[in-house]
Amino acid sequence: MILVKSLAGKPWVWSFLGALLVWLATIAFTGGYGAGGMVTAALSLAVFTVIVGVGQMFVITLGPGNVDLSLPANIGLASAVAMKVMAGSDSMIVVGLLAALACGAAIGAVNYLLIWALRIPPIIATLSASFIIQSIDISYGRGLQIKPPPGFADFTNWQILGVPVLALLTVLFTIGAAIALQRMIYGRSVLAIGQNIRAAWLAGVNVGRIRFLTYTLSGALGGIDGALLAGYFRGANVDIGNEYLLASIAVVVIGGTSVAGGKANVPGVWGAALFLVLLLTMLNTFGVSAGVRLLLTGLIIVGVITAAGGEKAVR
Amino acid sequence: DTSGKKIAFSNNYAGNSWRQAMLDSYGIVTKKAVADKIVGAADIFTTADKEVPTQAAQVQNLILQGYDAIVINAASPDALNGAIKQACDAGIVVVSFDGTVTEPCAYRVVVDFKDMGKQEVEQMAKFQPKGGNLLEIRGLAGTSIDDAIHAGILEGVAAHPEFKIVGSVTGDWDQTTAQKAVATILPSLPDVVGIVDQGGDGYGAAQAFAAAGKPRPTIIMGNRQDELKWWKEQKDKDGYKTWSASIAPGVSSLAFWVAQQVLDGRKDIPHDLLVPYLAFTQDDFEAALPKIKEGGVATHEYTQEDALAAIKANIK
Amino acid sequence: MSGAEKNFRAANVDIIRLDGAEKHFGAVRALGGVDFHVGPGECVGLVGHNGAGKSTLMHMVAGTLAPDSGKIGVHGGIEDNYSVSRAQKLGIRCVFQELSLCPNLSVAENTRINHASLSGLGWRRRAATLITAKLDEIFPDHGISAWDIVGDLSIGRRQMVEVARAFTVTQDRLDLVILDEPTSSLDAHTAGQLLAFVRRFVAAGKSCILISHVLGEVLRNADRIVVMRDGKVVVADAANAFDRDRLVTAMGGAEAHRGTMTETAKAEAGPLRVRARPARQADGKELVARAGEIIGLAGLAGHGQTDLLLAIFAAAQRIRPGIEVTAPVALVAGDRQSDGIFPQWSIAENIGIRSLARLRNGLLISPQREAELAAFWQQKIGIRTPDMNNNIFSLSGGNQQKALFARALGSDAEIVLMDDPMRGVDIGTKLEVYDLVREEARNGRTFLWYTTETEELDNCDHIYVFKNGRIVANLTRDELTEEKIIQSSFGDAA
Amino acid sequence: MTAASLDTTAKTSAERGALARARLLRGLLPALSLALVLAAIAWLNPRAISYFGFSLMLNLAIPIALATIAQMFVIAGNELDLSIGTFVGFVGCVTATWLKDAPLIGVAILLGSIGIYALLGALIHLRNLPSIVVTLGMSFVWQGLAILVLPKPGGKAPDWLLATMSFKPPFIPFPIIAALLIGLVVHFGLMRTSYGVILRGSGGNPAALKRAGWSLLRTKIVLFALAGLFGVLSGMALIGITTSADANIGNGYTLLAIAGVILGGGEFVGGRVSPIGAVIGALTLALAASPLLTFMHIPPDWQVAANGAILIIVLAARVLISRKER
């Protein structure tokens, strides 16, 4: 009972609860058929949302107005960079991953440069940057699908007892992110800036450096995600990151991170990502038309967040 | 004489291999036409993200720029009508293709998408004579092309009662989205014998089946290089059979020639020109494969003569 | 006379009467059965240590908080559904401790918020006239325009606007104005203007509740003084029955020890810590602070003192022309809402943020060390809370300020900048903090202390008086007198 | 950024005068950006600076301006609406179908959708929900409904709407008149009326408003209902121009509207918004995104990039001024 109570206080519980309910509804519909497969599929697909979601979470936590809208374009470009560098050869996998990481980090750094040097609001800075990145991607990748090396493709599909290895690695990564958030100077500083940037500055937080690091981190995670996506979906592609514009924001906020800044939540990102994939699974399984599918997606999201309720206001 | 005429190309998206091939074909043909002094200028204008209002604004700006003709791949068949009408009223020739427009004053280079959908089931019947369950992958919801292909598929299934569509997902003509959608429905899907789709999503579906360790069904393909290559690999392995169809990106060049001909004063060109979609069968796809760029799409560019022949075929 | 009868008779004349008001916030008992009343034409002074429950009580009078139990009566009638709008109708207004203006709106627009009747054609002009007239009446040389955006005003001016707004009258009656620490951000001059106005207001038959930690203000201006302690009223008596010592004793402060002047000014020594010239300083005057010194920044509020502190703070991170800083700095914010508090965090986290690097164990921040730091300072400056892991907003205003002190003093900073840091701090705590500051200074820390309370300057070794963004006088402690400061503050700039 | 909330405390009246000037300058920035874009257009294509040119270049800016105003109301209350784009699309679909074929039902649906917006405001306030999630969910709802109303593109705008949107007044092009009208009406309503003060105050300091006895539930409902109203107007205006509808027609408006508000000098928190700025921001975006780009003749690969670059340049020009003001 006490456990239930203390759990109910955690904002991330609701996203997991939502995921569970949606999953139960689906297997009730299929009569239990495919229950395990669904979880496997959900885990493999949620990974990609979780990785960018964590980056977006740190950015959003920096306070109102902070958001990285360049992630989709970033993912697209990084996927092309990774595939071109790997050039279908297994020996170049690590180099390709590093190239994607560097490409993403560079994009993040440029984003912050625009925000800082030109004082452009982050939402517009990252949006503008994303247009430019798209163009670079189109002229660099020519919209062609470049295939990953077989070893890398197999790695992204590798499962142990039905659990995708990539998901396990991502769980480790998110545990690291959670520790960084709550127990490292970096995370504390992000939280402080998100609550009150001026007070953070006056409390000795190096505001400029932390914001720079955060945008760069978000960019770098987008880069890695691009490479992994290209592996899993068997090819780089300009559009490969498109859905992560909304999805990366959605998992952050559904997962219980405060959009007002200063309050973040890592487990919630996982819960929300699983919830979104399982929701798609459920609606695809029910076989409803696109219109009804979208309608139900929306209503269920609103329903879950309403059930979860908002945070209690302080004083 | 059209040597002083300026033709603009209004495009709303450039981010996938089909659109890149479309732009390539158009570029190749028009560069030559400009060099040969057949037309004065042929400029390309691209907007982002398939946005209707942005493209409408673009058309209006092209009117202001004083172009004589606009070739357009429209983001919406109806919602651009206002802008297209304004262009016509300003005396500009408008030729649409792929994403065609319904405004009567414009020309349409049309592919019979409904027939393509129907053919998919017809072909499927050849490979799976016993019939069985089908999975349908649909395109971008709310668009006319998706609607037409889907209608054709339904018609085909009606004519072949041995088939039953047991699942339908939305793939947005995008490999990533398609693969994701198929992956989520697969665990709960009964065994299927075939997949009918809209092109560009066959490879993603194949990957999803492989990842889930499910037996490979007959997947109708969409003329992309990776799809044909996968087909060949499967064929070499165990004689796998399928069929592939899609609109050829090079239709853009045909649309260009239509515009040029209308500017040249031809009055006999019908406003609706039907051109065949590009299909590959078990017999001819291997010959086409080497000609397609790695990661690209099968295409066909129209020379002026091809175009004249195609126009002629449409004059009854 | 039975109790009930007595109540009834009193209720007939009282503007407001609370009987047995109780309020709990979770485990905290903020009020434990308080009886409180205000009669017409009297100024009631309300004093008590930080967290005694003064503001909570006032929230009940103003209708913004409902008591858990207890009765509220206004003008003799029992109020069952008492609310803000009801209070407003009955002529009760409140200037809250935490400022309640909308920073995005102009002064006139903020006035409109409190008057439902300011609507229809020409309301903007009427609102502007209303507030300007009241400002003119209370603070004759206020220099505030009705069209100024409140966010652009200094905290002192905001407080002036809010006070003036509470006294404006349109259609509703006005009988009682609650002033919860109205002078905390005002300098001595403006505070004097306000208190003079309050006396006129009361003389005209209206009533006022005055909360202040500057006991002199209460002693001089209140007719009756109510002393609170730990959520209870401990003494209530006519003002002239109190003196400073009796008040302090009643509040529960140990004794009013004043050890300030005993030390002699220390001999010139110590390495240079800060050398700073204000940006607008034309002549060669500059502020110099050495290790172990307490430097006072005086003058009227908002004449460049905070700016100089911020400039010094910024210079510690990145070199700036005209400012030399030789050691790490920390700042104690006075405007705690916008400069100090992290609202999502616990008290302990709020204290620890300046010392994260030292709280680490390897790469990770050690929760244990963080708790130790918090516990140490809770004990050292007496932060009143059952649990340092509670949210910072569960503290009363003065206790929040103590947490900010703990943040700076608990850090590794050799130089501590204090931006009028005693706003809202009770007298007992102040004395403790004075001692603490002097003790830290003896250990070599340097303090730069901007204050609007002249008494506090007694603690300083050197005082720089500011006017219009410039240093106009440099006094040693021996030269320091109230007149000197006022003279420099108002006299022509050198 | 929150930079503007970092108000350094003002001191003397001279300094406050400087602050007031800075604020004025900041208020003029959006107009300056617009002038910059117009100057570039005039230089690239003088023909565009004409009655006909403005009619063509700006008519699609009207629905953007209306959507921006809708978003501005939501932002004024410290919330964000991620569904405005798909809502505009939904309204468009209803306009091109029900409103033409069965006007009464059409009007009822549109009024009902404004009601849903108002309800969302209430829900967000009562349950203290993050608006960004609720409206994200709603963006799927509206898009789903749009597809259900109009499974494939088509429909037709009612004739009266077509006539309104193609109205050709003498001398001044219709879009300019419409933009002025929208800007001034909303400016009056939000910045000048006495209830407008309460609405903005609810974003500036909700606690203060509550202490003064105002209902925050009501302000939130009003702000969201106004957003719904202007969303409806935007969808109708859009269909009046395009003549027929498409379920995906409004999707891009969500980001455009947010960008318009910010470009117009609004801030995400604190109730600092400017209706006239928002309209100017919308016009600037509309002009920079399309005419300017079209007239520049950029190689196709880089046209999308140029779109971003123009945005950056327009905003960076403001820095020169903002820097001085610091």
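Here the chain labels run A, B, C and D in written order, and each chain numbers its own residues starting at 1.
FYI, a contact is a pair of C-beta atoms (placed from the backbone, for glycine too) under 8 Å apart; a residue touches a chain by one contact, two chains touch by 3 or more.
Going by UniProt, the chains are A, D = ABC transporter permease; C = Sugar ABC transporter ATP-binding protein.
Because the structure is predicted, anything quoted here is derived from the model rather than measured.
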| item | value |
| --- | --- |
| Contact-richer chain pair (by C-beta pairs counted) among C-D and A-C | C-D |
| Most distant chain from chain C by Cα centroid | B |
| Chain centre separation (chain C, chain D (ABC transporter permease); CA means) in Å | 42 |
| Centroid spacing, where centroids are CA-atom means, of chain A (ABC transporter permease) and chain C in whole angstrom | 45 |
| Whole-Å gap between the CA centroids of chain A (ABC transporter permease) and chain B | 32 |
| Between chain B and chain C, centroid-to-centroid distance (C-alpha), Å | 72 |
| Residues of chain D (ABC transporter permease) touching at least two other chains | 5, 146-147, 151, 301, 303-304, 307 |
| Per-residue overlap in chain C, given as positions that touch at least 2 other chains | 338 |
| Residue list for chain A (ABC transporter permease), restricted to those that touch at least two other chains | 131, 134, 138, 198, 258, 289-291, 293-294 |
| Every chain pair meeting the contact rule | A-B, A-C, A-D, B-D, C-D |
| List of chain D (ABC transporter permease) residues in touch with chain A (ABC transporter permease) within their complex | 1-3, 5-6, 80, 82, 123, 127-130, 132-134, 136-148, 151, 255, 258-259, 262-263, 267-269, 301-309, 311-312, 315-316, 318-319, 322-323 |
| Partner chain B, residues of chain D (ABC transporter permease) touching it in the complex | 45, 47-48, 52-53, 56-57, 59-60, 63-64, 92, 146-147, 150-155, 238, 241-253, 286, 289-291, 294-295, 297, 300-301, 303-304, 307 |
| Chain D (ABC transporter permease) contact footprint on chain B (complex, rising order) | 11, 14, 23, 43-54, 56-58, 60-66, 75-83, 85-86, 102, 140-144, 146-147 |
| Residue numbers on chain D (ABC transporter permease) that touch chain C, as the complex places them | 5, 7-13, 15-16, 19-20, 23, 192-195, 197-198, 200-201, 203-205, 207-214, 270-272 |
| Touching residues on chain B, where the partner in the complex is chain A (ABC transporter permease) | 14-17, 19-20, 48, 138, 141-142, 167-170, 174-177, 179-181, 183-189, 203-204, 207, 211-212, 224-226, 293-296 |
